[in-house]
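Multiple structures are listed underneath, in structure tokens.
Okay, so subunit A shows up in both of these, paired with subunit B first and subunit C after.
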Partner chain A sequence: MDSRFVLRLSNVVSGYSDLPVLWGIDLDVTENETLVVLGANGAGKSTMIKTIIGELPLKEGSIELLGEDVGKYKIHQRIGMGLAYMSELGVFPTLSIHENLMLGAYGLKRSDVRHRLEEVYSLFSELKGRKGDLASSLSGGQRKLLGIGKALMSNPKVLVMDEPSSGLSPLYVKEVIASLSTLTGTGRAMVIAEQNVSFLQLSNRVCVIEGGRVSFEGSTTEFENQEVLHKAFFGIEG
Partner chain B sequence: MRSEEKLGDIPAKSGDRQMTDKGQSLRGLGSLLKRRNLKDLLAVVVPVVIFSLAPHFYSNEILLISIMIYVALAEGVNIIYGFTGYLPFGYVGFYGVGAYATSLAILDFNLPPEVSIIVGGAISALVALVLMPLLRLKGSYFAIATLAAAEALYAIIGNPSLKSITQGPYGINIGSVYSSGGSYVVAVVLLGLSILTVIAVKRSKLGLALRAIKNDPVSASLSGVNVVVERTKAWLISAAIAGLAGGVFAWTITIFYPSAVFDISISVFAIVFALFGGVGTTMGPVIGAVVLYGLYSYVGVTQPQYFQLIFGAIIVVFVLFVPKGIVGLLGTAINRLGSLGQRQRG
Partner chain C sequence: MLFEYAVVAGVLFGLFYAFLSIGLNLVFGVQRIVNLAHGDVIMIGGFASWELYYTYHISPLLSVVLVIPPTVLAGFIIYRLIDGPLSRAQDPEMLSLILFFGVSQILEALVTIFLGNNQRSIPDSSLVHGPVHFLGQSYPGVWWIVAGASIPMVGLVILYLYRTKLGTATRAIMADPIEAAAVGIDVRKVSAITFGVGLAITASVGAIAPFMIGGVDPSEGVNLTILAFAVIVIGSLGNIGGTVVGGLIFGVAFELAQLYLPSWSSLIPYVLLLAVLLFKPSGVLGKRVRSA
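Our next item is the complex of A and B:
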């Protein structure tokens, strides 16, 4: 595996107002790698994602994106550097599907946009057929797919996702995983914060967060061999 | 696997089929663009032609110019409120600054009125730049802060101690450059320009970014939109339009007092006209200004004792029951008729 770091968190302390939620997170993500961040509700997964994208300020530590310290950068600056964030939040219900995708390509040159659109529409054919429809007319699962498509429009180097399975039926979770699986090994790194262990089929590495600290970090195989963790997340004997 | 079949559509298609699909979608896109271009072209040309010809059929040019000024102001409100959700109650401040800057450019620098009006628009945009910190506020706080800023501008320009510069509260007189025909032509240009600006914003990346910001600023920045910069662009464009409108007013009236160009009712009218017609649309503010200002003038003349009551009642009814404005109402009606027709055919 290529060992070039595209995202590096060093001793990250972050949280809401004066109360830290993350207590010194260290994490490296290399290009072409899919990292699944597991943790229970309140463990700090979303806080970590929000800190990476710049929605929450750093209290301590540093975040490097593509070798550059982005700790003081605003959200749009990080996005402009090659970071993309996929969430239901990122989809604008009052804009059409096509407009949502165009917004995903906001920082791109006009000449690049057409190529990106073709690529994303080829990946999500059901969106192509409804490009003029408002995003609000989509089901929860379709919105997730639109969210992924929108995030891909900027051709990001690092794609971060916060609970892509939330609110989805098992069928749509499968569909989201299938669409994400087409993105693995394409050069970009993915960081997926999840509670749903089905996403482990996408991952090269797993990070488990408990109480705002990393309690486990290793390959997916190593994770599956950790009996205690396996039992905690799969709910069955390892 | 079902999901794979759904997502991987390309390999399954034959080359011919792909080309046909592409041809059809390109033709569809082409006709969509043509329809859109035609619609936008008509949105500019129809009002401009109507107002260009109107003096041949209706002699009250001051009323016609006032309507055009209000169309421009309503379109200006449309850009900042309709696209970003920021309600500028103190919008009149830019109008007043534009009127004064135009007049002072004529009096102190002997510039032609047409150039002075452009100066008025530019100075208003400059004032908007100074007032940029107000954009940090949200909702009613922003509305109130802009109102306070407009009052402050009124107090500064109308200050008796600035008599040597602004003539203070004693009013300004640019009667030497009065030209009924000239100001009418410039008002028509302002009308066309304001509508064209809204169309340009709507069709641009800026328009898309502003609509995203109106939805949710955080989500917009997560798409890479620089929220501060894009919102500032809308703010400056909106202020410049108000400044130009103030300049046209100054050249039309030629003698006026600060109270006439910093009157809060000008802001209220512009906002109400935009709301009535439909914010976020191109034609909404045009329809709103023409219908309501026409009605306001008619009721004001025929029933002066009731006009505020009637006007107020109309506003309340529309805000409560037709929140998307006339254009939204027409759109809904057309959609319903369309689906009714489809059902009958089915």
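Our next item is the complex of A and C:
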């Protein structure tokens, strides 16, 4: 395998019970790359993310993470290899902000945790002043920031996110994008499944999923030059 | 004075009820397992304590600790056996309910076959001699000993959950098992340990329960399970701190009912259960979660 690829999906077929949702997805993600996966509701974005982390089993195909075939690995085993996941919920609402962050570093040595904690608190300083508060007391936007912080605690090589804009007002979406923009180009790869095209400002590459298949894959510039896609997602003439 | 007596007795029994119910809440909170055999595990703890006292002259207070290791191990093994079917089930809560109803019946039958269906008791003198005087009233000494033993045991469970890495992982699973796995927690392993701890704390309370409920017999399991369910629903399902509050509310309410409406007091578990389900279904300590 090419060592630049940190995540590779080959002919991935996956779904719920006997019903496939993804029909042969091929996708490569390289280190330091931010890939935005666009698609309408029900296109298969979340299914793809859940298959990458291991919540849904592979029916066919393979997933390689950092050069290793992880198709049969459980979620916690994939996370232990350098993958981090931020779900739509993103946090444990009934636990404190500090506990959420500590759980993000669950697999780390005690000596590494303090350093990671300082780094994450410096990125999200507003969380530091409220570290004893329950995550459920945070606003939707703050919860997303905590979710990002939690995912960063393990210092992952690959960070996958499922609709970080879900349930947020445009103002909070801007805040989340601003936070994520500080993470681009820092060596780790990010895969962001989204409907919100604002996230394209973070991406190097775009993948469009329709009906469980990749209908477009290319650079952000190439995507913007595709008149039909541009119109479909931005709703205006390209 | 009778009112004060009932309140103090209610607090003493309330602490015991919290100890009696906390294992059920732990097991339910982690894997949504409805353990209908909860009362039967208490019953087995009671028989173990009785056997250890009469055969080896071991104090029931020591039995509270001695029953823990074998039950943790048994719980760990049982969880590994049932985890597969439960995780594949469409409705795991219903399956666990049926499964543990069967376990409850089997445990009751086995104990009846091997030990008979007579009620056994352990003399109060095995724990304490004479009553305890408090605020001008006289209380059975065993009530104070059992309540006193309940505090550290419940405290240990709370410390485990809130001050250890494994406990935080347990609460993370209670909140959301998928999210927990997604931070690297081995959900199956931690759940198995927690199930073992839940059963152990349940068998543990069984060792001193005969002093509060008058003895131990093979058929007591059902009533104890109902009582424990009432306590955890009153406090808040899945909220371990709520179990203490639920236990105290239940204990004081029951003792006051015994004082003022003795013939109605046996209805207290059901009335409280219905009242909480109707007016505050999330329990006294149940919290709303901010949604935006």
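Methods note: the second predicted complex is superposed on the first by the 232 of 238 C-alpha atoms of A that agree within 3 Å, B and C clash if a C-alpha of one lies under 4 Å from a C-alpha of the other, contacts with A are read in each partner's own complex, and residues count from 1 in each chain.
Keep in mind that, in the parts below, contacts are C-beta pairs under 8 Å (C-beta built on N, C-alpha and C of every residue); 3 or more make two chains touch, one makes a residue touch a chain.
These numbers come from a predicted model, not from an experiment.
Under the clash rule set out above, the superposition-derived model of subunit A with subunit B and subunit C contains a clash between the two partners. Of the two partner chains placed by superposition, only subunit C is touched by A:140; subunit B is not. Of the two partner chains placed by the overlay, only subunit B lies in contact with A:182; subunit C stays clear of it. With both structures placed on the common chain, the touch criterion links A:221 to neither subunit B nor subunit C. Of the two partner chains placed around the shared chain by superposition, neither subunit B nor subunit C is touched by A:11. In the superposition on chain A, A:150 contacts both subunit B and subunit C. When the two structures are aligned on the shared chain, A:174 is found in touch with subunit B, with no touch to subunit C.
By the document's definition of touching, of the two partners only subunit B reaches A:122; subunit C does not.
Common to the subunit B-facing and subunit C-facing surfaces of subunit A are residues 53, 55, 74-76, 79-80, 85, 87, 89, 92-95, 99, 102-104, 106-107, 150, 154.
Remark: subunit A residues 53, 55, 74-76, 79-80, 85, 87, 89, 91-95, 99, 102-104, 106-107, 136-140, 150, 154, 167 touch subunit C in the complex. The residues of subunit A lying in touch with subunit B in their complex are 53, 55, 74-76, 79-80, 85, 87, 89-90, 92-95, 99, 102-104, 106-107, 122-126, 150, 154, 171, 174-175, 177-179, 182. Those residues of subunit C whose C-beta lies close enough to touch subunit A in the complex are 165, 168-169, 171-172, 174-176, 178-187, 287, 289-292. Here subunit B touches subunit A in the complex through residues 1-4, 6-10, 205, 208-209, 211-212, 215-216, 218-227, going by the rule given at the top.
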